[in-house]
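Submitted below is the structure of interest, expressed as structure tokens.
Lettered A, B, C and D in written order, each chain numbered from 1.
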Amino acid sequence: MAVETNQMRKFLNDPAHVVKESLVGLAAAHGDLLRYDAVKQIIVRKDAPKKGKVALISGGGSGHEPLHGGFVGLGMLDAACPGEVFTSPVPEQMLAATKAVDGGAGVVHIVKNYTGDVLNFKMAAEDAADEGIKVTSVVIDDDVAVQDSLYTAGRRGVGATVLAEKIAGAAAESGADLAKVTDIVKRVNDRSRSFGVALSSCVPPASGKAIFDLPEGQVELGIGIHGEPGRRRAPLGSATEVVDVIVEAVVSDLKAKRGSKVLAFVNGMGGTPLLELYLLYGEVDKKLRAAGLEPVRNLVGSYITSLEMAGASLTVLELDEELTKYWDAPVHTAALRWGV
Amino acid sequence: MAVETNQMRKFLNDPAHVVKESLVGLAAAHGDLLRYDAVKQIIVRKDAPKKGKVALISGGGSGHEPLHGGFVGLGMLDAACPGEVFTSPVPEQMLAATKAVDGGAGVVHIVKNYTGDVLNFKMAAEDAADEGIKVTSVVIDDDVAVQDSLYTAGRRGVGATVLAEKIAGAAAESGADLAKVTDIVKRVNDRSRSFGVALSSCVPPASGKAIFDLPEGQVELGIGIHGEPGRRRAPLGSATEVVDVIVEAVVSDLKAKRGSKVLAFVNGMGGTPLLELYLLYGEVDKKLRAAGLEPVRNLVGSYITSLEMAGASLTVLELDEELTKYWDAPVHTAALRWGV
Amino acid sequence: MNAATIASWMREINASVRAERDHLVQLDAAIGDGDHGTNMTRGFEAVVLALGQALDADPESPPGKLLILAGRTLVSTVGGASGPLWGSALRSGGRVLGDQGSFDGAQLVEVLAAALASVKDLGTAAVGDKTMVDALEPAVEKLRARLTDGATVEDALEGAAAAAEAGMRSTIPIQARKGRASYLGERSVGHQDPGATSTALVIRALQKAVVYQNR
Amino acid sequence: MNAATIASWMREINASVRAERDHLVQLDAAIGDGDHGTNMTRGFEAVVLALGQALDADPESPPGKLLILAGRTLVSTVGGASGPLWGSALRSGGRVLGDQGSFDGAQLVEVLAAALASVKDLGTAAVGDKTMVDALEPAVEKLRARLTDGATVEDALEGAAAAAEAGMRSTIPIQARKGRASYLGERSVGHQDPGATSTALVIRALQKAVVYQNR
């Protein structure tokens, strides 16, 4: 059973084909929800295009599963454009997805704020406009670990992406128009803040090497979702101490009024087991309440990941009635499902 | 932020409290579904006991999350008894859970076949009988990696546990009586076979050390869910080759008729990302079809885990109409939800 | 021998499984799931606590009752395979003594024989299956034989402890047929069974407790 | 210079990014996400393939069209930040040449200047932001200056390549303000920018292509 090339802790055939082969499996498992167009390299909702419905697409590098393919389905995305691992997809994919899902009511591009994603989606949106499709784009940038200043590429898009896809997806499903759905995506982004930490690097299949070296007992604070190193490294404290740092970073930037109702999203980076994620959620819930916020909704699990990285992130979304209603609305995708 | 004790890649306070703290978080996140009794150390469905409904409980060592606490709720378990990490719970917990959920129609104990679980559940069942509660026990033993002979403790209980809890839970929810629900658990077990492989060990929080040493590029074949070493070690081949071994082991033992409809459950051990699990599912689906079986239902994800172990297992359940109907029935738990 | 013997036995076990905790964990990691040291430590710490409270509440607690309490405490704090096995063992052993305030060597043999019977009954293991039975059964036999031959309890216990230790080592070359280690098949060969190892500690602890008490 | 120059330039780039693939990945892992080597290799391999097919289909393909094709191919195969940036750069450069069959040094300057303008326009980076602009801008300036001073194209390109390499090294001590590396803040200091590094390879490849062609 030996193969020279597989010296990783991964189930792989050719590392160059891992994304495609995974998408084949996704489609085989969820043929009731979606289909995989292997030529155009996109995942499309089974019943797309839905006439008169605003469509939502997103995309980005792979390695963040279930994002985005696992969120294609009723009440969420109409299509996903998966790039190579940690590499933005190309405009052709986004254009193909846009065309595949446009039901005449327009298409919203949900773009995580990375130079690559932004530039490629920008090109695709221009091409789509040339073809007469109404496209709006919203850039998600909720990561408070990155300073939003002239001296950076701006904040990264992380956990809020999942929330925006769910909430705006419900709005679109309920018949909201392009302006409205676009506004909902923006609103979710504006009212969300995230912060992530890593306890290990991850190993991209192409190189087979960890992106950074993190000894046990150390934590990278302020990591994104691409296995990139964080803003600083510190000795790993107790879970309580780590959550202190995370909640403080998120809450101080969110600046929500005392008494605000929030959605707390404790996300695993891929290699951190649920046992620990729930332990973190317990601490987060306590600390948010102590900070005068009321977590009335939550999501705990590995939804926007960095391959097998050990780590976690917190996203806090300040809810309002409309966002809550759309969060609660039915969703049926591979990774998120309720009400149906 | 330094703490002497946290030299692991884990979010922890005191390792001795990790299970309790995680359950606090589970209850905080899912207060609509369940409650955590910290004195009795059990997770109980919010609306238990349900008068006239057969109740299902299960339990076992922790470290397998979402099993079992994540499966407490409508259409699945009525209570879960979590032990310490990888250590069977004690009879007192099981007795307390049995009493908490008994609605007069009897209680089914779903027991994974490990000496510890079997002995502790046996004592609890005796105690419950002494208190006048009707209890049946079914031992789950689906792991074909272990020879079922006089010379072993019998086969281990692994993936079929999840399927039995779901399917029998639906039967109980629909009003089936104790004999019927018990029979469904047995039927699921009889018709299920599993086989697991690991690409890394896991690190139990109490010791902070990996249970075994597995160099990159090696695979442990025939592992269980307790970080125990497998039956043999081999060089890690391609995903296709690994799936060949797994499917062959499962299918040859299941001996289902050609054309049988099956449920294929590709389970992650905790540290293997969804990207790879779907890649495996693609191969599994293909190979099952080649073997004359038709995967009409599937489940892909990390549902019965071994902390952060990298690895995966396959469970194949030969369906019949009734099992399919109960699989499709609504379920609302922290980890599995549909139809509601 | 009396209640104090039992209390001091349990304290000795607690001290020795704690000292050997990491070793037991290592042995269990090799052919099991790496928790045996933690399980035994958690259990006997609780036993020492429970016995302390029981003796505080009633300094006249008979030794049999203390053993039963120890067994119950193990059942309710250990979990795993060793919890019910050692728990039943000590409960069965305690029942042999009823309410009597002291016991002699012959009765000690019956206590240990009942404990062994209970382990074998519950776990259905026989000598050679690579379990705690491999250490416990030779210990009971040696104790009985030496006392029958007229040895002192101290001498007989020295023999029993040595027999348990020999039994423990005898588990190395054999293949497991019970418990988690049996899942490994042939890969279990070459490893010492953790449960047999802690059993040797338990018998050695009894020998020490009796020797110290007689000083 | 003509279509063959462009084709050979692209082949040289392909060879050198492939040879430096792991190095580029390492540089990107330190301050980015570790894919730059893979991205550039995937892209320029596709470019070489596409140009080969185009030249097979029409051996008279003008150099400008080949550059546009190369740019399109990069856009549609690379992704990431470097795909659109290099893709637009080569497309803009190609447009400068229109349908003409050959071009001289002065026109080459305009090609590269258009490429630079396109990168700066799309990415809004300036020299000193620790990006490919730090290598590309000095290269274009040096090429223009040398040619204005009357140097041969070969000499001017040697200067441009050296300037790109110096620009590449100049990224080491500075803090990134664009792209992924900017997320690291001060931690980006002390690392050489991967995009600037591959840009130096691109300019060096051009110099080589021209030298070889003139032999």
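The criterion applied here is as follows: a contact is a pair of C-beta atoms (placed from the backbone, for glycine too) under 8 Å apart; a residue touches a chain by one contact, two chains touch by 3 or more.
Keep in mind it's a predicted model, so treat the numbers as computed, not measured.
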Leftover contact groups, counting everything except subunit B: A, D | C
Furthest chain, CA centroid comparison against subunit A: C
Length of the line joining the C-alpha centres of subunit A and subunit C, rounded to whole Å: 54
Euclidean distance of C-alpha centroids - subunit C vs subunit D, Å: 75
CA centroid of subunit A to CA centroid of subunit B, Å: 28
Whole-Å gap between the CA centroids of subunit B and subunit C: 32
Residue numbers of subunit A (touch at least two other chains): 85
Contacts with two or more other chains, residues of subunit D listed in rising order: none
Chain pairs that touch, as defined at the top of this document: A-B, A-D, B-C
Complex interface listing, subunit A residues touching subunit D: 61, 83-92, 114-116, 119-120, 122-123, 145-147, 150-153, 156, 204, 206-207, 209, 211-212, 224, 226-229, 231-232
Sites on subunit A touched by subunit B in the complex: 1-3, 5-13, 18-19, 21-26, 28-29, 62-63, 65-66, 70, 85, 199-200, 216-217, 219, 234-242, 245, 270-283, 285-286, 298, 300, 302, 305, 307-308, 310, 312, 334-335, 337-340
Touch list for subunit C against partner subunit B, complex: 22, 25, 29-35, 38-39, 42, 75-85, 122-123, 175, 177-180, 182-185, 187
